[in-house]
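The block underneath contains the structure these notes are about, expressed in structure tokens.
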Amino acid sequence: MAGSKFAYVKNFELPDPLLPGTFIIIRLDGHAFHRFSDVHSFQKPNDERALMLMDRAARAIMEEYKDAVLAFGESDEYSFLLRRSTSLYNRRHAKILTTLTSLFTARYLYHWSDFFPNTPLQYPPTFDGRIVLYPSEKEVRDYFAWRQADTHINNLYNTAFWSLVQQGGQSTKEAHETLRGTISSQKHELLFSRFGINYGTLSERFRKGSVLIREQDNAGTRVLEKAAKKTKAASPIILCHCDIITAEFWSIRPYLLEH
Amino acid sequence: MAGSKFAYVKNFELPDPLLPGTFIIIRLDGHAFHRFSDVHSFQKPNDERALMLMDRAARAIMEEYKDAVLAFGESDEYSFLLRRSTSLYNRRHAKILTTLTSLFTARYLYHWSDFFPNTPLQYPPTFDGRIVLYPSEKEVRDYFAWRQADTHINNLYNTAFWSLVQQGGQSTKEAHETLRGTISSQKHELLFSRFGINYGTLSERFRKGSVLIREQDNAGTRVLEKAAKKTKAASPIILCHCDIITAEFWSIRPYLLEH
Amino acid sequence: MAGSKFAYVKNFELPDPLLPGTFIIIRLDGHAFHRFSDVHSFQKPNDERALMLMDRAARAIMEEYKDAVLAFGESDEYSFLLRRSTSLYNRRHAKILTTLTSLFTARYLYHWSDFFPNTPLQYPPTFDGRIVLYPSEKEVRDYFAWRQADTHINNLYNTAFWSLVQQGGQSTKEAHETLRGTISSQKHELLFSRFGINYGTLSERFRKGSVLIREQDNAGTRVLEKAAKKTKAASPIILCHCDIITAEFWSIRPYLLEH
Amino acid sequence: MAGSKFAYVKNFELPDPLLPGTFIIIRLDGHAFHRFSDVHSFQKPNDERALMLMDRAARAIMEEYKDAVLAFGESDEYSFLLRRSTSLYNRRHAKILTTLTSLFTARYLYHWSDFFPNTPLQYPPTFDGRIVLYPSEKEVRDYFAWRQADTHINNLYNTAFWSLVQQGGQSTKEAHETLRGTISSQKHELLFSRFGINYGTLSERFRKGSVLIREQDNAGTRVLEKAAKKTKAASPIILCHCDIITAEFWSIRPYLLEH
């Protein structure tokens, strides 16, 4: 065959299996989204349309890959948990990583006009991705706690920051200086006393990020899912903006970390 | 800080630098494109619009990443060569691989309607990717020769196959049986005698695939680029459908394999 | 500095950290020990001196590396378990693997004459090594069960085989044929009926291999260790030839799998 | 079979092939040799017996592995070059690395008494090892140049240092201070003016390290090897203490970097 004398180059493709028995987490991040959000006039500190679009793209991954059992998103990033026992693509590193990154990117563009009907895309956004392996349940729980704690910290800061700028008339530089060194309670106080904002009443989507859960027929989950199921009866994927740091989230959904 | 007790999970992110001094080739492949091309009624054996769209997405990668000096595409796959000396993203494996895969995917969707103005996307297409390292120039040349030889073999087969089906009235099963065991010259003969097709006169895009070259100010390349430059004067990326198996392609463009 | 223009070659040394939070098992195997055991006239099917020498070399590793908490040896192989939380050599793969392989090799030679006082080394024996990571306790227990089950299977076969050869007058080829397809109970029966050997009374070292345990001050281990401690009071490493497949071995020594 | 329910643990052994077409360099280093050399009263700044023992162990690797074509040693380290095309152990990383480390260690112990007949080993020395891949000939030449430049720098310093201590009556601390900040020519001058030592006349083994070359039937090597061959006619491995930084070393032995 004509190609056979060149086919030896295929031997340079090395195997890249992920260690069996480990939880696989894939985290996707928007590439240069600071600029992207400016060009497309995202609202500050949070653009609900943009967050809902992220959720929509993430849902597509959950629907396509049955071993993706949990996802968490905030801002321009999303993390996905694959079952410890998954044999998706024989656990090949590059195959899993690129396929999910591509699917997320594709869905983000495909659904753009559903969430931004009056904002034409000036240029297409992109995402990068990475895979991290975790050996035990504790580390998986702490990973998601890490991301949700990050959401809280960032959102409190950003809410205070943009209040100072948008309502307080400060420049962005001044706003950063106002906030420098403040602790959490001081930002709450500032929001309330100067802008009448009770942080705890802001949208949970902004304060806690988005959680996508693959529903399972456990006694424990039944209750929680009823509300969600009413609007999206056929889908086993539910979206919530709940606390995933507390032990209870995990204890009532043991199937997330089994197998 | 609230998140600090969880931040240890970041230590599970392992470094993944690619070996310095090696050529980096990234190959992207359409995911389940058999179905995608059916749903979107691609013409058989080749759909020029789809190939031009692939070229457009590939061009975006060449424009974005100056160290991508050469690319080759056929059907639903595209390969990119990064300079041996590139320090793109500090040669981090996952970062390079996912960013390019995402950019290609995003551009494919973004430009879809430019090439398929009357064919709405039924669902978004996706791509997977892999990185292969090559230590020497010879292997890089042979890699591209391997892909172009593959293009030739596949296209000759597909051209004969679809002629039998579309013009010869055979079922797809019959067509495969007709072609089973035939060598190259027999397929040429079959095309000519039964369907009046002189294979050598078919579009070079179909027979040789697409080659994207980062133009450089070498005496050797000047001549070749003049025609291309007329239509796209500002771009240093030229597209051709030329032979990349012969030594001459490389000898007149030494800069492709330098550094 | 004279060397500085060449120092860039150091950049080709890539990082190789082992995934945190996983159990590290290092298995060493004698290289071409069939020949080595022939040249040095090892007794068949087991040479107690050779096994004790293996145990001695393994003990040196346990003494040198506090995070090595368990080891299992049979024939010419030995496996070592490093604590899940070990930060030995910053968990660098090659550093851990080569240092332990070298230490075992060095100790095997150094103590050779203690166990083979009348057998000069004809040439030095060597070992190869590999590291395998296990995410969970179950897999670690199963790994050691796998090796001990292997010990049993091999030793039963070899005992029957060499009985046929040494006492039964069969050639090695005949002995293999006699045993082909026999199950465990048939080998027991053959040993007893033809050679008067009650397999269950043979040395536990031969039947169960060698287990080295890093002793710890747990209520559960106290009892077991008393006997061992009488002869080797100062050492926290105890040697036994006990069953490590049953759950009890692990349940009374929870510290082996903690951290 | 008894072992079969546990055999799944073998799936955790991941493939580790080294990239084809690259030069493989294995560097072995003495582990804690500062202490080892003190305990065994090595002469300072160089102990010829110890260096010859290193050469002997290295020779064993060259004799055992035909694809080891070059080695360079200094102090307690040795580097080995495997042919770019080697398929030794199917280029498995851990297998190559541990086997060579073990063989070197074993040979060092085995031949100890040949070089230190009156110095019993107090404890066995060990070595660690690493593999570094190099894509091109230039990098391999520069790697060996790097090590030989290092030899020169270290030996000049150590020679001056120990002269100050042994003949100059300085403490080790004083000697370090005397030498702090001095450049090469100043150390030469110090050696000559204070101790009458013409550095250039010292043993080449000390100044240039040890080079082991796999001899090949090239016109270029014939001459050089004649002297060496007289004493060791049967061996294709020659030892010299020559300059490997200059281009000439490589140009007259093209076979070292071919294939």
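Think of it as A, B, C and D in the order they're written, each chain with its own count starting at 1.
Everything below uses one rule, namely that a residue touches a chain if its C-beta (ideal position, glycine included) is under 8 Å from a C-beta of that chain, and two chains touch if they have at least 3 such contacts.
No experiment lies behind these values; they were computed from the predicted model shown.
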More Cb-Cb contact pairs, comparing A-B against A-D, go to A-B
Chain whose Cα centroid lies at the greatest distance from that of chain D
A
Would you mind pulling out the distance in Å between where the CA atoms of chain B average out and where those of chain D do?
46
Distance between the centres, which are taken as Cα means, of chain B and chain A, whole angstrom:
32
Separation of mean Cα positions, chain D and chain A [Å, integer]:
52
When you check chain B against every other chain, which residues touch at least two of them?
12, 19, 21, 133-134, 139
Residue ranges of chain A touching chain D (in the complex, touch as defined)
11-12, 14-15, 17, 19-21
Of all residues in chain D, those that touch chain C in their complex
1-3, 6-10, 12-13, 31, 94-95, 97-99, 101-103, 105-107, 109-110, 121, 123-134, 139, 142-143, 145-146, 149-150, 152-153, 184
Interface with chain A, chain C side, in the complex: residues 19, 21-22, 84, 133-136, 139
